[in-house]
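For clarity, chains are labelled A, B, C and D in written order, and residue numbers in each chain start from 1.
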Amino acid sequence: MTHKTVRIGALTRVEGEGALVVHARDGRITGLELRIYEPPRFFEAMLRGRGHTEPPDITARICGICPVAYQMSACQAIEAACGAEVTGPLRDLRLLLYYGEWIESHALHVYLLHAPDFLGYDSGVAMAADRRDLVERGLELKKAGNELITAIGGRPIHPVNVKVGGFYRVPARRELAPAAERLRRARDHALATVAWVAGFDFPDVEHDYRFLALRHPGEYAILSGTVVTGDGYGPVSGFEVARWPDHVIEEQVPHSTALHARLDGATGYLTGPLARYALNSARLSPLAREAAAAAGLGRVCRNPYRGIVVRAVEILHACDEALRLLDGYAEPERPCVPVEPRPGVGHGASEAPRGTLYHRYRLDDGGLVAEADIVPPTAQNQARIEADLRDLLAPRLTLPEDELAGLCEKAIRNHDPCISCSAHFLDFRVNRG
Amino acid sequence: MVDRAPRLAVWKFASCDGCQLTFLDCEDELLSVAARVEIAYFLEASSAPGPGPYDLSLVEGSITTPEDLERIRHVRRVSKRLVTIGACATAGGIQALRDFADVKEFAAVVYARPDYIATLDRSTPVAAHVPVDFELRGCPPDRHQLLEVISAFLAGRRPVVPAHSVCVECKARGNACVMVAHGTPCLGPVTQAGCGALCPTFNRGCYGCFGPMESPNHASLNHWMRGLGMSTPELVRIYRTYHATTEPFRRAAEEAQESGEEE
Amino acid sequence: MDAVVIDSLEPLVDELRSRGYAVVGPVVRERVIRFEEIASADRLARGWTDVQEPGRYRLAEGAGEMVFSFAASPDSAKSYTQPPRQTLFRMRGEQIEEAEEDAPRVALLGVRACDLAAIAVQDRVFLGGRHPDPAYLRRRRALLLVAVNCAVPGGTCFCVSMHTGPRATTGFDLALTELAAPHRFVVETGSERGEQIVAALPRRPASAEDLAASAEVSRDAAEHMGRHVETEGIQERLSAHDSPRWTQVGARCLTCTNCTMVCPTCFCTTVEDATSFTDGTAERIERWDSCFTLDFSEVNGTPVRGSNAGRYRQWLTHKFSTWIDQFGMSGCVGCGRCITWCPVGIDVTEELANLP
Amino acid sequence: MIGGPHPMTPALYRVRSRRPDRVDTVTLTLEPLRGECPPFHPGQFTMLYAPGVGEIAVSISGRARSGGYTQTIRAVGAVSAALCGKRPGDVVGVRGPYGQGWGLRAAAGLDVVVAAGGLGLAPLRPLVRALLGDRCGRISVIVGSRAPDLLLYPGDLARWTRQGADVRVIVDHPDHAWRGPVGLVTRLIDRIVFEPRRTYAFVCGPEAMMRDTAAELVRRGVAPGRVELSLERNMKCAVARCGHCQFGPLFVCEDGPVLRYDRVAPMLAVPEL
């Protein structure tokens, strides 16, 4: 009888703190726990009693990597609860801000966190010693995203200009000009990035994923849409964001401060770039679609390692679309639409760089938050990541442990899990029961 | 003595990762910094953590679990200088709102099995447990200030991180006061500078994310902001966000409550 | 040159621009009258006025075609004479080089008599002592001043008390008085530069009625000062260092520095050091500072003026009393900015009136 | 006409020699890279710039034989520590000399009391040297030091005694070897001989020490107009433009640092002035 334990004490090059423990006996995996030991921060509990204007700023603090995603989902959920809607140029400005975050976050992941895996470096900085040109290109891309967020939101992390109903102040066209200038160069970098990462050596792995993403009639959905699910081959089914609680249920597992999500009773679905691409690739900008085809992505990509290519394509799409919006930008007439609080429930979802991010709020008679519920992407993906790891390890258990550990870390990084986000969601109905 | 590059470590406790990301957001300077210092421990950015001791440790996040309490002592032991960055590490962060509530009830709201969750009753700043050489404020800290702390450390000078109010930067930036001109309540006068007066620049009142300035006069400001239409609960909430448990903001919220009762 | 009349500001703005001046004039931005660069006279804040009181400023609709129907803007000439932040020098290895920041030619259109008086105060501070500042002189020479005689003093103005206005008598290149029905400007010249510019404008000589109307504007303005200060015996009154009044105002003061930042004569600065990661260059920067910060008076790790009362007393006594000892003139020109822009409405005139 | 360098731009000087005085204190000799050291009056100070770290006010404690300034610096913070760490050959920035020095001439023909607390001896050192050089009256030098091993310039003190001055030292915290008096420097006033109505006094040290010493001398009959103190205030520019060192109507940098007690006594009595 042989016992084997693979341990990764602290996952590196992921956002937040996690660890992995795998137990095997007689060549069979008996336990696999992706542990999220990110300390619990109790956001949903803290949100109770706060004003209806506060969740965008407060929930931004859940994650410094994708604060805009939190702000957008929160705003939309509250606007929905209050019967308000942000449309037209103000919505475009929100999209622009969001594209900035996509570019920034994806560039960070592609260049500084993920690419070193394929090229055999410990870090982006180590990679810069040999390939400074590449790292500089990545940093320039990242900076282009950050500048766009800064021009609209004030700063890249926890932007200050986002408000329920729109913005506090809308930037003048001339204030956006430098960011647009930089984006033009970034678009070229993004094109080069797709070609570059497409040439990496990818293990030949495919999983039969069940995907979940937002879908929007006119856009490669980021800011809003309906929820669609499917396997990429067959037809998709969908539901309104407001029906989310009927379909997605979370449960707590003992080894983690995060919860696992189930979709219509089944665990292990995937959200994020692969899901978006599989369900919405037809809506990518023409330039991004071409680049994806040239990179050999096909219509659906089921190889998690190729996630890096999809991310690169999404950077390109974001640059391209942001430029289109910037070129047509006319300063909105007013910075925000009025949002009068009223008792009720609102749901909001948007596509964070790592996947669908859902918020739900119930406001009380005084316009204060009575309940809050947040389901971040990594929590949804955790079970699926564990499944990926089982598939990866099962045939390789004879390999030395440190080699296995290395393989696992890479497989986890494929999904760019943002562990900071995953440590704080719940479903009130479950807990109330 | 052999001249070697100073060794830098970046540590994370309960936080959103934003402060560390601020470091990675220094796109123009990152590689120059990496050339001057050895980034010896930075889990988010590197899978080759070098062993201690470290010349400079940047610590993000607050102390909220029994294990972290142990870990921060370890960090102190292996660090020559320890600089805390961000609201969580310097003030307990937003998660310190648990201090005003019952953490067990909080856990019960969030988790079906709160017994699985190991957590402390309070979220505390690093300085509550170990000596800290410098505290850099902000939720998140300002990129330029972060670089300034690192370069001041390298040059052996006191970092240029003034403790005066946001107003100083607001005026140097050429803003008109949003409170005076628009009647928008603003915490700028009681908040420490550093952000470059971002919120007023975007026509918004400061919400205090850099924490209390050196000599905050919240009683006077509260009185004025009431005149601008803020209610007692609104006043209490605005101080109870990212720096809620710092002494001045804690007192500011209490003052608002007390003066609210008088009226 | 005798006073002339012009009907429009357009040729004046164009002429100034053609002479290489960036024209900076009053415009409406974010519901406040601000001074910023304009490309044409259309941009000016025509038809707007302001309502100013302690701690409160509101833009309001003014008299139709009038361009200058408002009082002091939060912007004074200070940002141009003494920028908020300047690099002093850079040092690399054993080389030191002064940062000769260029002094672009700027025409300030719409400065008031109090602003001119403030510039005179700054001239005394930066040029009149033992260590004159060549950089200040460069900027000062590059500044062309087109004054406007105040017609509508604000609720916080008291230039009459400080003997600095409302009429511009000296220190300008050009001085305008805006008159209504018909809308026109009486232009006086105060320098050779000013005369050359006027000579290039379409103009006609000012008639006796024009001049009388212009004088009437100032007489009327002088009668509508929002505030008053008794300057007689002011130094004696301010020597009451232990008055309970200081504690009272200290309880209201936020030590936020706004009053000193908007004051056109407050000149205090501090220095910062910076070092570059890439080439080791060291830089010294001078930036606005304020006697309301704790660092300002720190000696051996403790501030000399730790209390709010102590800091407020320093500001008020310096402005109105010890400034006279130091520079032979008052540090206050009566523009009222510190009253309007104090976030909690502390009023220097009221504080002075309440001293024993 | 106004031209030339900006008043905030230092001249570059090279550290010629460095002498550690005690654990935290160092005396540097500084010589200009170009040209000569300008003349100075005892009691004046310079602004010393440690490149990239900052600039602080430091009194001139003497002129070296080579013509350079000697300046004694105690490491209390970043800038002073950086200056203390400078080695021969290093370059620093120097502005000045600045300020009003000691009223050497006013003391002519009178008994002189020189009272120093700690580092306050630094600006008094060139004064005592000058006094000993050109006059023959009674000179008493009383020095307070926190501990015996923190005493500054022991060699100078011995030399001054040989040259006829009455030099006395008192410490706060004696060690076993200490045989001298213990306590505050004011206690030494009892032990020295001077004719109060014909005495001129120069005092430098922590503000409380100066206040007490001056008050004691005046109580004994020394005219307040014949007591000089050297004040310390926060200084960023030393040329009356940064505003930091204001003391009532005075700019300590230009009107001081040496000021007559009759002028400043009422102001020293006002808290937070």
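Convention: a contact is a pair of C-beta atoms (placed from the backbone, for glycine too) under 8 Å apart; a residue touches a chain by one contact, two chains touch by 3 or more.
Bear in mind that the values here come from a model prediction, so they are computed numbers and not experimental data.
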Original post:
Between what two chains do the most C-beta pairs come into contact?
Top reply: A-B
Original post:
What's the chain with its C-alpha centre farthest out from chain D?
Top reply: A
Original post:
chain B to chain D: how many Å between their CA centres?
Top reply: 42
Subject >> Centroid spacing, where centroids are CA-atom means, of chain C and chain D in whole angstrom >> reply: 40
Original post:
Which whole number of Å gives the spacing of the CA centres of chain A and chain B?
Top reply: 25
Original post:
Distance-wise, how many Å sit between the C-alpha centres of chain A and chain C, to the nearest whole number?
Top reply: 51
Original post:
If you look at chain A, which of its residues touch at least two other chains?
Top reply: 169
Original post:
Do you know which chain B residues sit against two or more other chains?
Top reply: 155, 157, 203
Original post:
What are the residue numbers in chain D that touch two or more other chains?
Top reply: 52-54, 77
Original post:
Which chains are in touch, pair by pair?
Top reply: A-B, B-C, B-D, C-D
Subject >> Touching residues on chain C, where the partner in the complex is chain D >> reply: 88-89, 91, 94, 96, 98, 125-127, 129-135, 137, 241-242, 267-271, 273, 275, 280, 282, 284, 286, 289, 291, 295-301, 304-307, 309-310, 313-314, 317-318, 321-322, 325-326
**OP:** Provide the residue numbers of chain B that touch chain D in the complex, in ascending order.
**Re:** 155-158
Original post:
Where on chain B is chain C touching in the complex?
Top reply: 29, 32-33, 35-36, 147-148, 151-152, 154-155, 157, 160, 162-165, 167-168, 171-174, 176-177, 179-183, 186, 188-190, 203, 214-217, 219-221, 223-224
Original post:
Which chain A residues qualify as touching chain B in the complex?
Top reply: 10-17, 37-46, 48, 50-51, 54, 57-58, 61-65, 67, 108, 112-113, 116, 122-126, 128, 132, 135-136, 139-140, 142-143, 146, 154-158, 160-161, 163, 167-169, 251-252, 254, 257, 259, 335, 409, 418, 420, 424-426, 428, 430-431
Original post:
Within the complex, which stretch of chain B touches chain A?
Top reply: 12-22, 24-25, 27-28, 30-31, 34, 39, 42-49, 61, 64-65, 67-68, 93-95, 97-98, 101, 103, 105-113, 116-117, 119, 139-140, 142, 195, 198-199, 201-204, 207, 209, 234, 237, 241-242
